[in-house]
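Listed after this line are the structures, all set down as structure tokens.
Below, subunit A partners subunit B and then partners subunit C, in two separate complexes.
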Partner chain A sequence: MHELLLFGQVPQSRHEQVLKILAGVAAMQPRAVLERHLVYKPQREPEEPGSHLRRGGTQAIAMKTKAPATARDLYFSQLVNSLTRDDFDRDADEQAEAFVATGESAADAKWSYQFHETPDTGDRGVLVRLAHNTELLSGDPHSYMVHLGNQYVSEYYLEGHRFVHDNIIVLLHRVLHESGVRPAPGVSPNTALPSFDSLRPLDPSGGYVLEAKIRVQDLNNPNVLDAGIEELKRLKSQMKGCVELNVPDRLLLDTRVKYKPNLGPSAGARPAVAPR
Partner chain B sequence: MSASGSVTNVALRPWPTSSRDKLTPLEIHAQIAQLTTERGHLRYITEESLQNEIDTGTDPSKVAKNDAKDDKEKGAPTRQERLMEIQATGRNMYTKLEWSTFWTSNMIDLISLILSKDPSKRVDGAFSARFKEQNIPHGSYGLDKGSSGEENDKGALTREAITLEKKKRRLVGMGSRMEALDKGIDDILAAANELETEVRKETRYWSEILSVSEKGWSLQKLRKDAPHSPFAVHYGFQEASDHFKARRMAPLRMDKDGGIILDPALSLKPKTLRVRVTADNKVLGTAALPPTGDLSDLGIEKSIQLARDSLFEEELYHEMSMERRQLGSFGVQLRDSCIHLPVPDLAGGPTSKTILIDLVARDERPVDDYRAMDTGDHAEDWLAEKTAEALRTLLSHEHHMRGHRRAQIPPPLTQHRRQNPAPPLLRTVLTFFHHTSAVNVLQKYLDRTTEVLNSAGLVVSGDIVRETSWAHVTDTIHTSQASELSAVDRLIEGVLKPFDGVATLTLPSSNKARPEQINVTIRTYMGAPIFGAEYKVTLPPSLGNVLDLPVDHPREFRFTSTPELESYLDWIISLDLAHTLVPREYGARAIIADMIPPRVSIWTKEGKEGIKKDLAVELERGIIKLNFGIIQTAAGPTGGGDFSWDGAQGAASFREKVKEFTDPK
Partner chain C sequence: MKYSGLWFVPSPPNTNDGSTRAYNALITSIESRFPSAARLSPWSLTHRLLRSTPPPQSTPTAPPPSYHHILQFTLLSQSRTYCYIQPVPPPTSTSTSQAPPTSAIKPEPLSRASTPQPHPSSSNTNTASSIISIPTSQSDPHTAFLCTQLSPLWSFRQALQIAGGVTYAIGPYHISLGEVRMSRSGAQAGAGAMNTSSPGVVVAVSILYPDVKAEGDGDGEVDSDDEEGFSFRGGGGGGSGENGTQTQSQTKRSAGAGVDLGVAEQRVRAVWEDVRAGLEFGKVEVREVMMGKEKGGDEGEAEKTVRMWCEVLRLRA
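And now, the complex of A and B:
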């Protein structure tokens, strides 16, 4: 599945207004969305770029070798837990010991696994990226991720409202995070939720992000893709003057795990390069 | 030249004396210079000579000139002089010609400039080069025709005529001024009038708009380029199907008096749904129709309301006639724009009725074939009424559901377009009728069977739940609070699903402590895969033994018609009586003989030999028949007989009768 995306920014002062305008555009009341995102990355460290290329000569007898495999990119992935405000203000003893996914069907699943690839390079006027979304209906999502070979990195909360305008999913949201020290990678996330009031917006000004998304099953069908892009662009021109929707730099949505050279004493003669 | 004549008449006057006696050196120099030119060197100008001049009256400066002139006149003109004169005259003439050319070209320029006002005239060529250089814009000079009146004055008019003329003019002036004032006042009055009507118009329009708005209709501002209808009223339904969605709005235009003009969309004949129940070509009941009345002269709010109602009814009829196409196999027909919906007897009887649904204009009652058959009977009014209400509720629910579905996260785009399924309106009503009928038939059967079994001294109880989800209606309402759907919608959503009823009947052989039951599930859906009502009978394990079924057999049997089910249940109960109840009473003495009809043989010690007594139990149409079979004795077959229970109280019990037969005293 692929996603076509456009983004816009809404300052906090205009949030109410934009919410009302969107309700008019989509002809529906906003649906509150509150999600907890747990970010995972593979336990394996990424290889040094270019390390698969042969360096120097070799004494091996020349023989047919396979073409050197290109270094596989490693990606971050997420677990998403959809919550309500009521979930936050529970007592500590009421909260579960471990994560448990429940749900009868995909529609009412509370947990889902999300994977987004770095957006495509092509310029189509909208951002196109590969995305996977798997609803988890039972079991412990965290241990599922760990057993898949991932490690927990960090978490954040997403608060906002969702609209559906024909095929477009409009999400007016902002990212919140728990104020305090981030747990070191590898530590499992806290099963207990913090109190909602202790969450702080990541953007100190409290601004919101408007995300307009169309999901497309298959990019191979140009008619479907064009119809989707057309619909998004229609929304863009419709919202002109209210929210400017545009295509951000694709590398801002990069989900690849960056290579960090090992700076420990075992690094040997490798020149120390300051990590970016 | 020409001036010479007049100069002679000029009297010389002394230089105007300066008020000051003292002359500045500069002035003195100027005086001296003048004297020098007039009278020669200063040395020869003495008082005497000046006095002499005064006395003789000669002016030296003039004398010199006069002398020269005199010389010319005196001497005959020489040839040289004549030539000079001719040349001078020539020059003079030439100058005059020059001047006339100059004036003429100026005149042409002026006229061309005046003419240049008219764009059809080409005057560019007529301008002189000099004029063109000045770049005077075309048409910048105007000319007006008119009499200046100067000429008349110049004419030889007498004094009286002049005064008369003046008086006339004054009168004309006064008259025209009065006329102008008159007209001015008229204009102001007209303007005031217009303003007043305009204000009244606006007031009326706005008050009507306000009253429309106060009634709760949502108003919408229209485009700016519609000057007489700034507002439009929304009266349709947000979630109506596309065809009807386009009709949900009407502009509110202003008429001459400021009232709101009824839009064609609002002044359409309002329609309403008519639901009638017929049987045997007789109308047995009609759903209440809205009251008729003169619809031509109604307030705007009423018109809007009627339009809204009509729109809803029309959509309902449209959806039903579309849905009818799929329901042909259930006997739903469309004849003369009238939907015929067959209804089974709800009580489970054999008679059936037909519900007629059509769309009629609200203010008239069209006469059709059934009109003549209207017996005035209102026995089935309730059915028609409830059917109409149910259909309306279902469409309204469908509107809600469309909104709900629209707000769900859409599936990813694919080649296949999403299409909205037609709402099940008739199907739901039809399913409900069939389910009710089926459940009622079963209920009747259970009642009769329990009654007859009880009368035979066998304690059984039957119970029936018409629709399982209705048993938990309150739970549904409570749980729906968390959901996005309202309780009502959730409730109706339950009706759209196949209906499930459950009936239980305890077995006569089971004891009270551990009752064993036959479960009958009735599932009704007018569509795949059931196409009607279906009964599923689940037998208890004891009957499984009796039927010699494997232990892991689900012991479920499906039936699609009521007679089949009834006959099976009759047989199963008789089987339970003969093969479970009797052996339990008699132990090893009872030997199962036959299954159809259920028969059991009981060994009885009669005298010295045991004899086998046959016993057949048959339950059929609410009557238990106990058939005492032929007794095989040494002397040959004897005895036999029948006993039956038909539900009458006071008869001997089943067990007593069996005992009486097997162990007669």
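And now, the complex of A and C:
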């Protein structure tokens, strides 16, 4: 499924005001959102760009002629755990239990697997990217990610409010993290949540990000795509003066794993690649 | 609580309808031997298999592939699809039960670097597997996503479907049969592009202990089975002949209070022997997989069922 996106920035001093304005625009009370995002990347290192072109063919006669393999990118993906403020106050055992996915249906699943691709090139006035979201109903999400071929990299927390205005999902949020904690790559995430007060905003000024998103099932339908873009532009003009919504540089949202050339032992710590 | 064994009867090569004949023969055998068998509601199953793609610069001693199964099974759940990742396939001997997984929150790292060959099934290898479930409505997009966006890691292997499975209830036993159809429609389990060839027939025999939870005391229930007059040949002594499957059960035979799963396995096997007695399937090797015997609650039972079915449906991939 694809997403059409616009972003804006809100300084902390204006957060309350913007929240009230959005509640008026969307005609609904804000819904509190608190999520824990676990970031994973594939265990396999990406190839050197262009190496697939240098790789020659084989001399085997009986092989079917395959199309030259395009270099497929490796992407970061995320596990998202939706939390409430009370989850931070539970004791360690309960939190360890909550680390396993439960839920009867997609609506009350707490864990989901989220994947975003790098946004498309081209200027349509909004950012377009492929997104994929699968709710997990049971099982150990971290173990599934590891077996899928990923390793845990880091985590962050997302705190904010969500509104729905026609087809647009507006999320006014900021990113929090545990300051000073740098997990070693390849370990598993801590099941026990830190105390909520120990989380610090990633942006020291405490600014918020406004994300306006429309989800489109199929990009091949130009009418639907144009209608979505129109709606986002209407929201942009509606919010003019309050929040400036525009299209950021697409490479800021690039989720590909970068190729790191092996410069030798002096290159610094490379993440340990777990053998598959 | 339910303990099951699963048998896969491959269709003989070079025949078009070998599996249909085997399927009909099995149904006739069941209906003639057990006239009181009650037919329960039908079931269906969709199974897709992905295999891990080796890295581009793979050497001949690359580690063996791991398999990602996506199983949608109406007897287990109507609304959930199970995704099961199996790290290293156990050696394909005639009867192997799955190595018990670790369901701890912090999984152990996969230890496959040193041994290109998997360990024999008698020693419990430490290869943890992983099972999650997702809503069935998202199973098609999830499979498509794995095959396209994660194509450097996973590639599509095969898709199987069992459309009109039947289940017979005979006392405490349930016998489920289904004819497997292989679909060539790629990552989607499309009903339209069904191939006419069928790899074979799957028969599942389960014994139910309705009053027993996984840890409960079920001795009373076990005795009453024989009182109902169901006698199956080879119930007691048949188990000792097949040492391959007993390696798992030897360690777990006296698993504390509760149903003796070794006995359950023998009974289930006796039912199968009885059902297939006198039937000829041609020059094929029937593959048997028994449910794992480690303890677990209800969720553990669903996971054991998933593992058992996925092991059978992996076929020769």
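What we mean here is this: the second predicted complex is superposed on the first by the 246 of 276 C-alpha atoms of A that agree within 3 Å, B and C clash if a C-alpha of one lies under 4 Å from a C-alpha of the other, contacts with A are read in each partner's own complex, and residues count from 1 in each chain.
Quick note on the criterion: a contact is a pair of C-beta atoms (placed from the backbone, for glycine too) under 8 Å apart; a residue touches a chain by one contact, two chains touch by 3 or more.
Note that the structure is a prediction, hence the values are computed from the model and not measured.
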Record, for the superposition on subunit A, whether partners subunit B and subunit C clash or fit.
fit
According to the stated criteria, A:Met28 is in contact with first (subunit B), second (subunit C), both, or neither; which is it?
first
In the overlay, answer first, second, both or neither for which of subunit B and subunit C A:Ala192 touches.
neither
Figure out whether A:Asn223 sits in contact with subunit B (first) or subunit C (second), or with both, or with neither.
first
Looking at the overlay, does A:Ser105 come into contact with subunit B only (first), subunit C only (second), both, or neither?
second
Across subunit A, the partner (subunit B or subunit C) reaching more residues is C
Can A:Val146 be said to touch subunit B (first), subunit C (second), both, or neither?
second
Touched partner set for A:Phe115, first subunit B, second subunit C, both or neither:
second
Could you state the shortest Cα distance, in Å, between subunit B and subunit C after the structures are superposed?
5
Which residues of subunit A are in contact with subunit B in one complex and with subunit C in the other?
1
Where on subunit C is subunit A touching in the complex?
52, 55-57, 63, 66, 68, 79-80, 83, 85, 87, 103, 105-107, 109-110, 112-113, 128-135, 137-138, 141-142, 145, 149-154, 299
In their complex, what parts of subunit A are in touch with subunit B?
1, 27-29, 31, 107, 162, 164, 166-167, 169, 214-218, 221, 223-224, 227-228
Listed in rising order, the residues of subunit B that touch subunit A in the complex are 238, 403, 406-415, 484
Touching residues on subunit A, where the partner in the complex is subunit C
1, 42, 44, 47, 51-52, 55, 69, 72-75, 96, 99-101, 104-106, 109, 115, 117, 130, 132, 134-144, 146-149, 188, 191, 274-276
